[in-house]
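Each in C-alpha cells, the structures are laid out below.
Consider the two complexes below, in which chain A is the common component and chain B and chain C are the respective partners.
Here is the complex of A and B:
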C-alpha cells in the first residue's frame, strides 16, 4: 500500500547529483543509503520530501504520483540532520506539531504525544525547551515528531551520527525494535557503514550520480560490484594496490606496480581473470584478511606470507590496526591488541589470497564476482 | 601593591562615571525643576537649583489646553500607526529578500531600499509637500504623516527584518512544511516567533523616529492636526515666554519613549545583537 517507487529521477545544479535513479522501497522495509558526504544523499531525501523539485522523473507513493505535490501535502515525515526542533516551543509542542497542523482535537493530540513520548522515554521532558535537553533527547524529540505524524514514508537524515557512541548504540537498537517503522517505507541516510550494515534490510551505496549498488548487508560487503563500494564499506578501509597480472613459474601473480610486492592469485580467481583480458587490475584485500604470522606457526593453505616492517600500531580496545611497510608497499592489517608492536619491528604477514578482490583498473568493476 | 593599584583605578573609574552621570542627567533635572517653577522664578537672573515652591498647578495649565492634549494624542496615533505599518510591510519585504533573493531583486534591491535613508531629508521636503498636497488634497491630517514617515521607516524596517529572517534557520520552516503546515501557516508557527526580539527593536526605532520628527511635520500639518514637536515652540512664541510650561510639556513628551525603551530593553539588546553576532 505504502510502497515508494522512484522512476528515472534526475536532479542537478551545475552538475548532475542524481542521474536517472530508479528505486523501489517496499512497505515495512528499512532501506539505508550510505555514501560519502556531499554525494547527494540528503538531496535524495529532500526530493522525496518535496523540498526540492526534480528535473526529471517521478516519485510514486502507494500508486499515486506525488512528484508535483508541495511538501505539506505529502504523507511524508523527515528527521533533519540538525534535528530542526522549534526552539521557542516545548518538547511537547514540538512533537505535537504535525497533529496541530491537522487541527486534531486537543485530547487526541495529548494522548498521541504522550504515547510517543513514553515509547521514546522522553515523557519526563515534555515541558522543557529543546535547548534544555541533551543531544540524545533532542534526537528522540525529533524522532517523536516524525513518528506521531503516522506518515507513509519515513525519511531519516543521519539521525544518530552526531551523538556519542553509547547513545548511538542505544538508538540504533531502538530503530530495530520500533514497531511503527515496520508499517511504512523507510529511507535512512548515513555516511557510517556500520550503521548501514546494522540497520538496513537493504543497503544502497551512493556514488556520483546515484546508487552504485543495492543489496543486503552481506551482498554489498562481501560482493562489492565496484571498487568504490569496497572502498566505502569497512573500517579500516580496504587495501588497494595498482597491480599487473603476470604469470610466474606457471602461476598467475598480481605484481604491485609501485613496489616489489607480488601476491599469487588464488585458484578460484584465476579462471575468472583469464576469461577477461585485463592485465592491469586494482587488487583489493581487506585488513581483516591479513594477519600476523608468529614465528614457528604452521602456515595454512592459501595464506601467502611476506616479511614486513611495522610503521604504526594503533590499539583500539577489541582490535588493533597495524600499518606496515611490506616489500615497499603500505599495507594495513588487523591484529589483536594484546601484543604491542613497536615501530620498525620486523613481522611476517599472512595474506588470505582467496579473500582478495580484483577490480578493473579503468572502470572499477569487480572482475571476480 | 597590586591590590592598592586596583583600588586606585576603581576609585578613579567611579569618580569619572559619577561625574559623567551628573553631567548627563543635569539637563533632565533642570528641566524637571523648571517645569514646576513659577514664570517669575524662571526669568530670575540668578537661576535657582531648587524651586521656591513646586507649582503642581502647572500641570493643570498645560493639560487644560485641549490643543496640548490633542497634540500628544495625535503624535501617539501617527507614531503607532506608522510603526505598525512599517513593521508589517518591512517584515513582508524583508522576508521576501531573505528567502527569495533572486525573485525579490537580490542585493541590489536590498541596497537600493536602504539607500533611501542616505539623502538629507530636507532635499525632498518641498517635492513631498507638493506630492501629498496634490494627491490627498490637504496635507493637514494624520494620514499624510503616517504615510510620509514610511519613507524613512520602511527602509530601516525592511533591511533589519531581512537580516533577522536570514538568521532564522530555513530548516525549521522546512520541518514545519513536512509537519503539514502550508507556507503561510509555517511562517506564523515557526519563523515569526524567532524574529520577534528583532521585530521589537525595529518597532522601537521606528516609533521613536516618528515620535520625534519635526521637519516634515512642521511643513505638512499644524492646524487640524498637531504633533508634539510643533506644539512645543508655541509656549515661547507668544508675547509671554512660558519656559516653565514648555519644559513641562516636553518632559511629558519624553516619557513615552523612555518607558517604552525600558519595557523593551530586553528585546532591544537581544534583537540588535542577533544581527551582529550571527550576521
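Here is the complex of A and C:
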C-alpha cells in the first residue's frame, strides 16, 4: 500500500515557498501540480524525494513517516527535466543503474530492463548511448530508469514539455495507458496547463505558498476558486476587466472602469452577486467565449454583441487569436484560423455572458461559484 | 534593412569520425523587412544556417548575400547583423542601462546620445522602470527583453533571434510573442527567428522555413504549411496534435475513387481533383494525412465520415483531444470540451474531402 500523505509541510529560504501544505495522493492516482515557473513545484518534488529537508511537517508513505529518511532509503523515484542520463553508458546500462546500485542478480536485472524497455518501445535501442537517440527516446530512457526501480511514489518533473508536439502527444497517451503507473502514487509537475488538464486525475494549481486549488480538470478550469487559477489556466489568458456593477434599465451590468465597455450580467449570476454586495469586481471572460458574429447571423440568447476593431490577428494551429479594441478596452477573442482579419477591420464580437466569472476586486475570490 | 539571399548554401563539418553534412543545398530568399522563422527538430541544421548568416561559421559552399552584396567572407561585425540569444548573455555586474548602452559605447557614441537611444529602446520594450537595476534582480521575461533590446539598439540590417523564448513559461511566452510582433510592425526590420517550437514560429513570422536533416523541406506561410504541406515530414511536424497518417490503397467502386486503409478499417473520400490526380498517378498505395482539427464529431453539413473507437478523451480546457482506433490504426481528433464520450464508445468522425491530404508512398511528397 502506498498512499502518499503530506501534512503541514513548510519549506522556505528567504521567504516561504511551501507554507503548511496538506495533500494526499492515493495509490494509482496521477496527481498533477501546475503553476508558473519559480513558484516551487520542483521544490515540492525534491522534498518528497528527500533532496531537500522540510522546515516543518511530515511526509508519510503507506503509513510510515519518511520525512527524516535519506533519499536512497525512500521508495521514491524521480525523473528530471534534463533527463540526467549517464552519457557514457548505453541505454541498457542507464536503465539498469538503479538495480546495479542495489546489487541485484545479473539475470534479474537483464529481465527487468528488457521488460521496461519493451513497455516503453525502446527495446531496439538498448545498446545505443544517450547521444545517439532522439529527445523522445532519451525521455523514455529516463522514464525506464525510474520505472525499473519499482518505486512506490513516482515523481515526474516536466518530463515532456521540451519535446516536439508529435512526441509530446505520443508520450501523453503513454502516461494514460501505462499500467505500471496505476500501482504507484504519481506526482507530476508541469507549467503547461493543457498537459495538466489532460493528464491529471486531480490537478493542484500552485501559487505563492502552496496549492491554491485542488480538483478535477473540469473543476479547476470551469470553476476556478480564484482569479489566479483562472488566469493561470488557459491560453491566451482570460480577459480580466476591472469593473463596477451598476443597474441600468433595471438590469445589472458590469461597467469597465477604464473604458466604455459595459456588459450585462447573466441572470444566473445576478443572485449570487447581490448576496456578495461587492460593487467592484474583476470581470473575467475567456477568449474562447467571445466569438466573431458574422453579418446577418442570428444572435442567440445570452450573447452580448459589441462593435470592435481588430488590432492583431494571429492564426495558429487549431484556432486564431484575435486581439481587438472593443469600446476602448483590449479584448482577446478566439476565431477560426481559416478566416483572415486585417488590422483596423470592423467586426462584431459576441460575448457569452453566461460564461463570465466575477472575482472579488480585493481578494480575488470567485463570487459566482 | 536588408534582403537576405541564400543560394545553394552547404555546411560540412569535418571531423576525425567522419564528415557531417549539416546544411545541404539551402536556397532561401528573405525579403527586406520580412519576419521569418527557421523551424525544425534539434539537429536539423537551423542553428548552423543561422550561424553562417551571422558569420560565426564559415560557408562550405554556396553564397549568402545581403541586398545583393556577397557576405561569405565578411567578419560578423562587418555584416550589421545583431543577435539575441537563448541564454540572454547579459553582463551581471552592469546595470540594465549599461547593458543596453554597451554596443553603442563600443562604437564610441557619446554619452548623451547613448542615453537617449537606451531610453527609446527601453520604452519600446517596456523595461524603463528597471534601467537602474542589475540583471540578477529581473525576472526571466525582463532579462529576455533586455537581451532583445541590446541587439535592437545597434539598429542592425538583420536581426536574429535564437530560441529566445524557450526558457519562458507559457504565459510570458505568449506576451513576448505578441510583443515581438508589435516590435516588428513598428521597426520593419528583417527578422530571422530560430526555434524548434512550431507554435512560436507560426505565431511570429510571415513565413516559416521547415528543416530537418540539413534540408529545407518547405518555405511558406502558415496556410501553405497547413493546407499544402510539401511532404509527410512537414505535415507531421506542423500542427498540434500532429497530423494523422494512414497507408491506404485506391479502391474504385460505383465510379468513385476512394482510398481504403490497408486493413480495410476506414474509407476516405477525396476531392474530385485529387481522385483524378491519383488515377493519373496510378500507384497501388498512398499515404493519407488528415489533421485532428479536420475530423469533427458534428456533421455540420458534411456527408463523409469514418467510424472509430474511442481510446482516450483528454480534456484540455478550451477543447478535448480524442485518441481513437480505426482497424489497426490510431488517430486523434479535436472535440468540444463538453463532449463526454468515453473509452470503447464508437464515434462518427466527419471530414471534408478537401482536407484529405495524399502523399506518394515512395517520395513522401504531397500529390498536388
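Please note the rule applied: the second predicted complex is superposed on the first by the 369 of 369 C-alpha atoms of A that agree within 3 Å, B and C clash if a C-alpha of one lies under 4 Å from a C-alpha of the other, contacts with A are read in each partner's own complex, and residues count from 1 in each chain.
We adopt the following convention: a residue touches a chain if its C-beta (ideal position, glycine included) is under 8 Å from a C-beta of that chain, and two chains touch if they have at least 3 such contacts.
Note that this is a predicted model, so its numbers are computed, not measured.
Once the complexes are laid over each other on chain A, chain B and chain C both fit without any clash.
Of the two partner chains placed by the overlay, neither chain B nor chain C lies in contact with A:189.
Contacts of A:51 after superposition: chain B is touched, whereas chain C is not reached. One geometric descriptor of the composite model is the angle centred on chain A: between the Cα centres of chain B and chain C it reads 70 degrees, in steps of 10.
Comparing chain C and chain B on the residues of chain A they touch gives the larger count to C.
By the document's definition of touching, of the two partners only chain B reaches A:82; chain C does not. Of the two partner chains placed around the shared chain by superposition, chain B is the only one that A:101 touches, whereas chain C remains out of contact.
Of the two partner chains, chain B is the only one touched by A:71; chain C is not. Within the superposed three-chain model, A:217 lies in touch with chain C and out of touch with chain B [touch as defined at top]. Of all C-alpha pairs spanning chain B and chain C in the superposed arrangement, the closest lie 13 Å apart.
Touching of chain A by both chain B and chain C, each in its own complex, is seen for no residue at all. Residues of chain B touching chain A in their complex: 169, 171-172, 174-183, 185-186, 189-190, 193-194.
Of all residues in chain A, only 49-51, 70-72, 74, 76-78, 80, 82, 84, 86-88, 97-98, 101-102, 145, 149 touch chain B in the complex they form. By the touch rule above, chain A contacts chain C in their complex via residues 36-38, 134-135, 162, 164-166, 169, 172-173, 176-177, 191-195, 197-199, 217-218, 221, 232-237, 286, 288, 312, 314-319, 321, 323, 334, 337.
Note for the complex: chain C touches chain A at residues 41-42, 140, 166, 169-171, 174, 177-178, 181-182, 196, 198-199, 202-203, 222-223, 226, 236-242, 293, 311-312, 314-319, 321, 323, 332, 334, 337.
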